[in-house]
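Two complexes come next, and they have one chain in common, chain A, joined by chain B in the first and chain C in the second.
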Partner chain A sequence: MSRIATSPGAASAEAIAPETERRGMAPAAQTGNLAPDPEWLTRRRAEAWAIQRATPFPSTRSEEWRYTDLARILPLDDLLPRGSGRPRVDGARGGAVHLPESVRCAIARDDDCAGRVIEMNGAVVSVELDPELASRGVVLDSLRRAAHTDPRVRAHLATEAVPATDGKFPALNAALWTDGVFLRVPRNVDIERPIRLNRWISRSGPATFSRILVLAEEHSRVSLVEEIQSPDLDRATLAHAAVELYARGGARVRYLSLQRLGHGAAWIANQRTLAEADSTLDTLNVALGGSFHRVDLNARLLGAGANSDMLGLYFGDEDQHFDFNTSQDHVAPHARSDLLYKGALDGAARGVFRGIIRVHEGAQRTDAYQTNRNLLLSEGAVATSLPNLEIGADDVRCSHGATVGQLDAEALFYLMSRGMSRERAERLVVTGFLGEVLGRLPFADVTGKVTREIETKLRATRTLRKTG
Partner chain B sequence: MPSNEVIQGLGLDDYKFGFVTDSEPVFRTRPGLDADIVRQISARKDEPEWMLKRRLKALKIYEAKPMPKWGGDLSELQETLDQTYFYVKPQEQMERSWDDVPDSIKETFERLGIPEAERKILAGVGAQYDSEMVYHSLKEEWEAKGVIFDSIEDGLKNHPELFRKHFGTVIPAADNKFAALNSAVWSGGSFVYIPPGVRLDTPLQAYFRVNQERLGQFERTLIIAGEGSRAHYIEGCTAPVYSTDSFHSGVIEIVVERDAYFRYTTIQNWSNNMYNLVTQRALVRQGAHMEWLDGNLGSKLTMKYPSCYLMGEGAHGDILSIAYAGDGQHQDTGGKVIHVAPNTSSSIVSKSISKGTGRSSYRGLCKVYDGATNAKSNVECDALLINETSRTDTFPYIEIDERSASIGHEATVSKVGDEQLFYLMSRGMDEAEAMALIVRGFIEPIAKELPLEYAVELNRLIELEMEGSVG
Partner chain C sequence: MGKSPLLSVTGLSARVADEEIDILRGVDLAIRPGETHAIMGPNGSGKSTLAKVVAGHPTYETTGGSVALRGEDLLEMEPDERSQAGVFMAFQYPIAIPGVSIANFLRTALQARLEDGEELDLFDFQELLMERMELLEMDPAFAQRPVNDGFSGGEKKRNEILQMAVLKPALALMDETDSGLDIDALRVVAHGVNRLREENPEMAVLLITHYQRILNHVIPDVVHVMYRGRIVESGGPEVAMELEARGYEEYRKAHVA
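Now for the complex of A and B:
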């Protein structure tokens, strides 16, 4: 996109005073070139911190973490920020932003967009927005700054969507978040091109916490595409995001999250979508990179006519561990939700899907569907699938399905009998399997990126297997 | 949507067997449970030392394990347990002939609708009255074949080696809290041994009946189906209605040896104040075939997940499950299939009906271990909701460690459609008939699996529950 308006965002995230942290007190207000948190935010952080302290880390004893032993994946002590590993921003102090090569590459492959936010190690370093949209009242900003300038942040941040009371990570995030994105689209404003968010984690160390807050007013339309990257990290490092998406009556919101972190990185996201009457709130989670990926996604259908399409795509190899925990809450009658999560697992990768459709009492005429399909490509791969239903109304259409299987031998044979090598035939069948989700991606550049990445991974593991 | 009167008219909730007959137990322990009571039970049964030790060990495990927090609501269970008589012995002697069975007990069976003529046709009738087998017979030709169909107590006395070899191997006491409880206080139940190659054409039957207020019934059944044998065992339960909660926790262990076929049928119709927490499990060896046919109509809360451990190559497990949850009932049922060996296959078909404030939950596990190559499993769950207040859940667990496995799970939820009702009524049926026909059609795939011989009692029971008084 053409560089229209540049605002060097909240460049620093000297977030947390380590000593107070050590003493178990709430993190203090921030320093740096931003004003300290407003008083309401300081108070909210302190409350979240108290909740965090009272909440134990998830263990496999709890149903929601039964198949993921977090303590074995992440050094939990590292989760909390420490003096030495405070989130910092590389080379971005108000001036020009020096982007790492891989982020520049990713941006170069993007089609045109309506705005872009770049966040590095938990701090927003650049915000751009089409001035025409800005003039129509669209707000795209660093969340830290918006907390000062936009009263809607106070009204919606960590309140209804991802409050601290939701669990350990929501609480940690609400207390420790350093920055993130605030996006507000006024009534009737229709943004066709996506807003993009690039996140970069530069090195291993303590956890980073950031947030996304999207408010789409009545009959507006917006898409947010998030891409998160890092180099390979020498030890397990957590990046956490809390994602709050509001679609008011008749609004159309799309959120795509593309996770391409390096080896060693751990990604945990708490996402909630609140869809009011006649709104459409679609999500897509693509998990390709990182050593560990966990998403807790809750879609709430709050008004008649609300609709949520929930897509997921994962491709795991080596020792990658993907864990999706989704829920579809039908609070209001006459709403629809449709979930499709598909994944292929190679090497010693592990995939966990746990999904639940909850049809609340009185939510008659609900249409809710849930499908999880897994392809196991190697002896060492493991898939676990728990598609659940809780139905409290009688006039509903609900179904769910789950499958686990291997590559279709007949399809492989057919392709190979046409002269294709086994490797190529396998690649084709896997891509075809994932194509059901890929084909539903709204943006061609995202589809291209995902397809390329999957093919690279397939080629790598196939070659390894041949030589090894 | 049919009117409420029509739904009432179906008579789904009428409990036909809610009566009490007077019979004085000969001996019972005081309410509650401790090591002393376990010793009393063991002493009463004149058990060998090893069994007493096992019981006491199981009691310790039971006390150490926390109350499960998943499944149904067990928050009031402890109170019930504190008032439960863990052992009631109705008679001193085992009855060998029908004529010797006391009239009051006979009356109970009469009212359950087992005519005497029927009993003679039916091969073996082990009738459990309170906590002990009181009536037990086995056709002579079967005895000649070497089939053992005894009370569990006699199994221990008369076949100690066989008993000790298998007892507690399929379901160890440490398996879960209620298996531990049963292992500590078990009383009554059946011991069945089918010698290799023996095929039984008529089913073995045991009738269970709880007839003592606040009586905990802890039946324990151990079945060994020898290599290449073929048999069918049927267990059905009804119980009188009482005002205080009652408790039933059985343990059923089955070993299906190589190439054998075994089917276990349960139709559970406990009264609506009963906690029914049962562990049922079969070890299925190479080439063998196990079938669970599990019907849950009664009880306040049932938590029961019959399971097949497919241990040998080519083993096959089938679980057919039907649940009916009326007002205030929660049926938390399902099945588990565990694939350990290559080329094993399994299928779970579950049908549930929720009516009024009833809640039915399917809870199941399909686990394929690494090395169980080419394992195949298919799970289908269908739920039918009758009222707005009815509730249904599906909680399948699918854990696959083997690439070559092929696993599918599907579930649907539906209500009795206005169109279906309209269609049938346009053909001249009244609403109740139409409703009954739809419900019957829904459960038919499972109901048809019930053996004809058993229809006299059990099909009637299902029909009464499901169909009610039509018209």
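Now for the complex of A and C:
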């Protein structure tokens, strides 16, 4: 991080605490109460609020939520603002900003980065960007602040990518989001090192709504690595994110999301990627923590030559419930998308994957693939996999496949016959199985973090089982 | 031949767990350090079952007799304990472990041999692996491939020999290592086994095979004929030659009689 200077208007995390104390402000004042929302945003929030009021919570009667009974998982009425219907936007309240140990730990394990945003309880508390990149026109900022300063936010926020009309959670988010990240990369700018976003939820209680908006202009390149953490929470708590990713012609965007929340936390994300001609827009969703994890990911291939690799990895134990709802929309011809979601489930964990490839009329020469593989490590774990195809063109290459399997006794014997204990053999098979997903990505620190976490979880459950 | 046996199999009978018929019906076998034994026999005679029971395959349960390595009861041990005691089985059908490189696999196997809290030195390991691959005339890039994933039959068997070279067992059980190999691959594998025998003259080898041809390359000290779960004849390499000429007909007749 030595090469990173603080960008104008933001303070480094270490610097914030003393400064806010001096000014006698809550840290949220850095962004949350910086200025009232611009008028267009206030109006947009009110519209979104009206939409959410008219939209019921998802129920298992709908196809997309059939295997996840949200009402049983989340006491939504307790988590949302009550009353008249006028959205009240709270930033983080009270307490000096100091980074919790687990966030420090996570940051210490990161390789070098080009910029970092730290968000706590839905409020951005720190933005750092390599000044060299800032001088070339790269913008990395609190979304709340950028709503005032950058006209592109108004043009792209909750319009084309994740509008309020998309459903209950997109509407709630559009009405209630407190802050998030705005990242804009100008034409031809290639940011080699990733931009990082660390998010922290410190306490049980109200829902947190946050947004990410990435605009990568023609032939630019950027990677954003998001990591969300929390302590174990004593009651169900929702963190929601709306993620809007734009790759203009020839651009390359990679978005990696690592969910490492504590027990009790529920994570719901609505993500949409818009890939124009000859662009690459890759995503990775990693679900390790939390009690509930739901991602709705829609990849739209809008121009010829566009490519999206869509990767997912989940490891669940105890009563964790993961639900992925993906769609690959091939609007333009000559585009490619390749989805691979792999999960291992232990204890009484539940995994749901539901994916669809939609080849729109006229999208000839589409290459679209969809694979979901599950490994069950216990009798109590359940995986449901529903791959689907909807093809409106005749000259396409599409495939989909799903598997649910158990640890292979022959494989375990093979490893044990080389001297490994059963536990060690299981760990090796599971990390190998999930490693295929990580192997497709060039971020060694992410791979390391995820692998370590999986091994730790496996050790914990195996030890429990032995002593239990 | 004054040495005490490394492996002693006495009156061993075994079956597939939950089934009613024994596949092994009283096997007696003693292998001393440095000896190479071959077991030949028709399909279904129990020769592969013998190797798997010695290695601890969970499919089988023993119904009588004993198996000891240096006097220690192997049947009481888990497969990993048997491996650490010095038993190695080269599989007839090696298993693919997707996403796990051969190097990672072997590193984990060696790490498992250390005490808790003791860490394998990665530099030493790398050196050992390279040296072992050189001994077997293998391309170092091979170690980076995922274990048996998409391997040809020959590559799988070479991988077994590499594992054996790294783990340096006292007793190598080779379960039809020659089956499905063309003559070139067979030579490579046999060459590997011979190099390891030269390197460690104390290593004992039990070759399970259908055919005499591997025995032209790996010369056994003793050849056993197994038929219907028992060893029915033992002798020198000439037994294999005779079998090749006569087949198993006389054993069948003897059995019927």
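As a working rule, the second predicted complex is superposed on the first by the 422 of 468 C-alpha atoms of A that agree within 3 Å, B and C clash if a C-alpha of one lies under 4 Å from a C-alpha of the other, contacts with A are read in each partner's own complex, and residues count from 1 in each chain.
Here is the rule we use: a contact is a pair of C-beta atoms (placed from the backbone, for glycine too) under 8 Å apart; a residue touches a chain by one contact, two chains touch by 3 or more.
Note that this is a predicted model, so its numbers are computed, not measured.
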Which of chain B and chain C A:Phe433 touches, first, second, both or neither: second
Chain B versus chain C as contact partner of A:Asn374, first or second or both or neither: first
Touched partner set for A:Ser417, first chain B, second chain C, both or neither: second
Which of chain B and chain C A:Thr384 touches, first, second, both or neither: first
Partner chain(s) touched by A:Gly137 [first = chain B, second = chain C, both, neither]: neither
Which superposed partner A:Pro442 touches (first chain B, second chain C, both, neither): neither
Partner, of chain C and chain B, that touches more residues belonging to chain A: B
Intersection of the chain A residues that touch chain B with those that touch chain C: none
For the chain A and chain C complex, residues of the former touching the latter: 408-411, 413-422, 424-425, 428-429, 431-436, 439
Contact set on chain B toward chain A in their complex: 70, 368, 370, 383, 385-415
Chain A residues touching chain B - in the complex, by the definition given at the top: 63, 67, 361-362, 364, 374, 376-379, 381-406
List of chain C residues in touch with chain A within their complex: 55-58, 78-80, 82-84, 88-89, 91, 94-100, 104-106, 108-110, 112-113, 146, 163, 167
